[in-house]
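What follows is chain A paired twice: with chain B in the first complex and chain C in the second.
Moving on to the complex of A and B:
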């Protein structure tokens, strides 16, 4: 008879699956401390904190990091605006072309990144737009919209229409209603979507290789190191820090939407 | 003054819901339509041009010659190799991902549920390049995997495997198996989440009913659970398939010199300067994904996204 205990085999397979996903990331944490700097030798011959100081003093790492943060911040703001507008329209009503619009939002991540990248690059070339900080942002914002949109559209559906009507009946105009009724209701979803968009942009490399000129975002810096390893210890440390930095927005987004998800689950 | 103006705008929008929709949609549609779709069509248009073999300049006349290039043996090879890899990665991810998703959806409770959720979300969102990098460390000749095989005295087994054609190579880091492992690792979380979402919706009573009606666990899995989870698997496969089709970084860093579609596109547009052929190559994954999405939609996969 079925019990609420998982079959042993399933439990093992599930835990093995999780381990498969996490052990490689943990390995990076070990490598950040290794004394070996010429190869990827395992087990590490010794452990040291030396490389953290070396990395800290590296100008190029700091520059790449600050460019990545700037690009991700601006792309996130653009994605927040566009994604929220789109979600508001799609969730409120049914109209002609609704499917087409939602397809258009999803397309930039549904199609392989290289296609987005190469189309943008050839379009910039055709239009004689020089590659710059803004061409990177243009690309990033385009595929970040969908993350915000997905989060916002789910929440908009749960914001009851009667709340909006009540607010209007009580004399608030559309803008006041948005500010005082809708926004507080969707705020956490937007924050979560924004964090995910930030993480997405911060990590993006494929589109960036096509839309960046001479600028190096942190992923581009890492890609160079991957193709031609020159400073393995510094790369190890940067990789470890990147893992830790991307965990923060994910944990944040999780805690922000956790409550609503469990409520939705209970409602089923 | 501005208050009454805002009020008037507000009233107009409220009375004309259509106007409101237009106002809401105009910025995102303009952005995506002009920047994204515009560039996409500009690219596709270029696939109908051809490159002059002598001067290396683009000949701006409509021709299907460039598409003809795709059907040359060495280009066809690239397409077949990429699609095969995408299929293998998708199947591998479904096999490894299903137990994780099933356990998380059906048995995990309380803190375990959170653990499994974060356990999938964290690798999903952690940096793509860092994940690839971690496999470079793992697969390196002096790395942990070779060390493990040596410690267990299984090196001969590994060498025998590496001497196989197609999947083998000089070492794991320059073999197709290595490429497969990295693809599998990097895209696995994209498979687990939709499967889990579809399994969450399977009422437990259905499995109990099938058991009461005499189905063995294997039969219950095949005839009840799998069909119900299938839209989720397809939804996940959209990601694994599409992401593998277009990737050019993983096979460049871990793998043999045999090229994939992404690498071909990258080289044709970059060093070779042959934008028309690069564009024609880019159309291949679009068409494959278009067919795939159309099929997935018919199977109801989008409800599981």
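Moving on to the complex of A and C:
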């Protein structure tokens, strides 16, 4: 008889696989509470909360954190605007080279970050643009746009074209149609795309190393900390924060795009 | 007579496809006008030209004397009932119906009142707070109608609005649309591929074929005096008699149309062999072969039905045979 229950061996394998992916994360969390600050010693000789206070007092942590938040926010805003416009153009109109443009928009996320990074760095050098906050933002925007575009284009395809015509027919100009018909129908897709873009930007290292000047985003600050051991558990406290800051938006994006499989405005 | 919509030499070409080709058309104010034709005949493109979703490649369109050349859809006093209804899925029924008034900047109370009245008119009072996804096909159709008439358009366009409904509901809506049109006095332009629908509802019908208009006439005229073989065949599946056959009878070398119900089975006349017999309920439809011509004959329920393969004699009044003299052979 065929059974719906998975075989015992498969269950063990699945649990082992998940544990392999997630237990190391727990290890990082535990080290955030250790009393040993020179090396990672297992089991921790004692537990303490003092590193949270130490981290709170460290100027460099705050600088890196605020830089990362600013970069991620601005990249996300740029991605939302450009990604939505691009998705609208690709899904609403037909023009010569449409498929090619669509592919070229998606390409940056398929390319290894190191190639994006090197090419941007050479381009900035060639154009004599000094490395700054804005060069980091530009670097991040290249892949953030893709995430927003992918979410928006899927939703645009599901919003029936006659909705736009119906709105125009009832007296709404393009702006009013966008505001009252298109935006409400693509809002959750944009929110989901924006959150993913924010999370991607927030923990990006490779492109950032090539496009940043003297500034340190949070992930880069963490890399530096690892090679210069000083108050090691501070890194772990920060790591916990990064995990939480990136995990929440991804969870949110997951819930927002669930159960939206039906095509808007196509029911009869 | 005031002309509501006027087409002068209007064409709309998509690349090499002539969707609409050199169409002249006058639709009178307050008229219930049907555009009838098979799919791809250009009738829907004509409707979209009036709404402004398409721009003519050549020619001019006037609505109540005003040239529509540079007028975008949202500035035309024309509203459309879309084939797929195009209700806004994120808005409830009230907000869907009141959308036009909201855009026009009317206050919430005015909108609410007008939307309630419009819903009452289409017999959907009390459904205001539902979402379109919670309505049946017929109810959505009524919401789309209420949404289109709330702005009091000068012309109402209906793009196969009854196509998605079942037969019973369709017949009911046909009645209601006619009543509504008389009540509102708005010019209705109705696109359909269903000749029965066009004949029963419209004041005048334009029959479209391959991007042009084959004939514009009242339903009665269209049924009794089709001007081309296409119209005769498409409007009520008339028999089209080829020119050589007609020449033998009346001497003129033109094709002619002959309604199936005008043909009697009698003891003498044109001999033919019965090829098929289909029972329709109110009558039996026979397919009878006379040499090179195959005629469709309706045999009333009271008559005895011949068998397949039997030779029978057909006769008809020569006045029922309509010779299409305008057609080149």
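Operating definition for what follows: the second predicted complex is superposed on the first by the 252 of 268 C-alpha atoms of A that agree within 3 Å, B and C clash if a C-alpha of one lies under 4 Å from a C-alpha of the other, contacts with A are read in each partner's own complex, and residues count from 1 in each chain.
Everything that follows uses one rule, which is that a residue touches a chain if its C-beta (ideal position, glycine included) is under 8 Å from a C-beta of that chain, and two chains touch if they have at least 3 such contacts.
Remember, it's a predicted structure, so these values are computed and weren't measured experimentally.
Asks: Could you let me know whether more residues of chain A are touched by chain B or by chain C?
Replies: The partner with more contacted residues on chain A is B.
Asks: Where does A:181 make contact in the superposed view: on chain B (first), on chain C (second), on both, or on neither?
Replies: Second partner only, chain C.
Asks: Once chain A of both complexes is superposed, is A:66 in touch with chain B (first), chain C (second), both, or neither?
Replies: A:66 contacts neither chain B nor chain C.
Asks: Identify the partner contact of A:116: answer first if only chain B is touched, second if only chain C is, both if each is, neither if none is.
Replies: The answer is first: A:116 touches chain B but not chain C.
Asks: Have a look at where A:35 lands relative to chain B and chain C in the superposition and call it first, second, both or neither.
Replies: neither
Asks: Taking the superposition on A as described, I'd like to know which of chain B and chain C A:88 touches: first, second, both or neither.
Replies: A:88 sits against chain B, while chain C stays out of touch.
Asks: Does chain B (first) or chain C (second) touch A:160, or do both, or does neither?
Replies: Only chain C is touched by A:160; chain B is not.
Asks: Return first, second, both or neither, reflecting whether A:168 touches chain B, chain C, both chains, or no partner chain.
Replies: Both partners, chain B and chain C.
Asks: Would you mind listing the overlap between the chain B footprint and the chain C footprint on chain A?
Replies: Looking at chain A, the two contact sets intersect at 168, 173, 265.
Asks: Under the definition above, what is the set of chain B residues touching chain A in their complex?
Replies: 6-7, 9-11, 13-14, 17-18, 20-21, 24-25, 27-29, 31-33, 35-40, 42-43, 46, 96-97, 99-100, 102-104, 106-107, 114, 116-123, 125-138, 140, 142-144, 147, 185, 188-189, 192, 200, 204, 207-208, 211, 217, 238, 242-243, 245-249, 252-253, 262, 265-266, 269, 275, 278-279, 282, 285-286, 289, 293
Asks: Mind pulling up the chain C residues that touch chain A in the complex?
Replies: Its residues touching chain A are 51-53, 72-75, 78-80, 82-90, 99-100, 102-104, 132-133, 137, 140, 147-148, 151, 164.
Asks: Hey, which residues of chain A end up touching chain C in the complex?
Replies: Residues 160, 162-163, 165-173, 176, 180-181, 184-185, 262, 264-268.
Asks: Per the contact definition, I'd like the list of chain A residues that touch chain B in the complex.
Replies: Per the stated touch rule, the residues are 1-2, 4-7, 10-11, 13-14, 17-18, 20-22, 24-25, 27-28, 31, 39-43, 78, 81-83, 85-86, 88-89, 92-93, 95, 101, 104-105, 107-108, 110-116, 118-123, 126, 138, 141-142, 145, 168, 173-175, 196, 199, 203, 205-206, 219, 222-223, 226-227, 235, 239, 242-243, 246-247, 249-251, 254, 258, 265.
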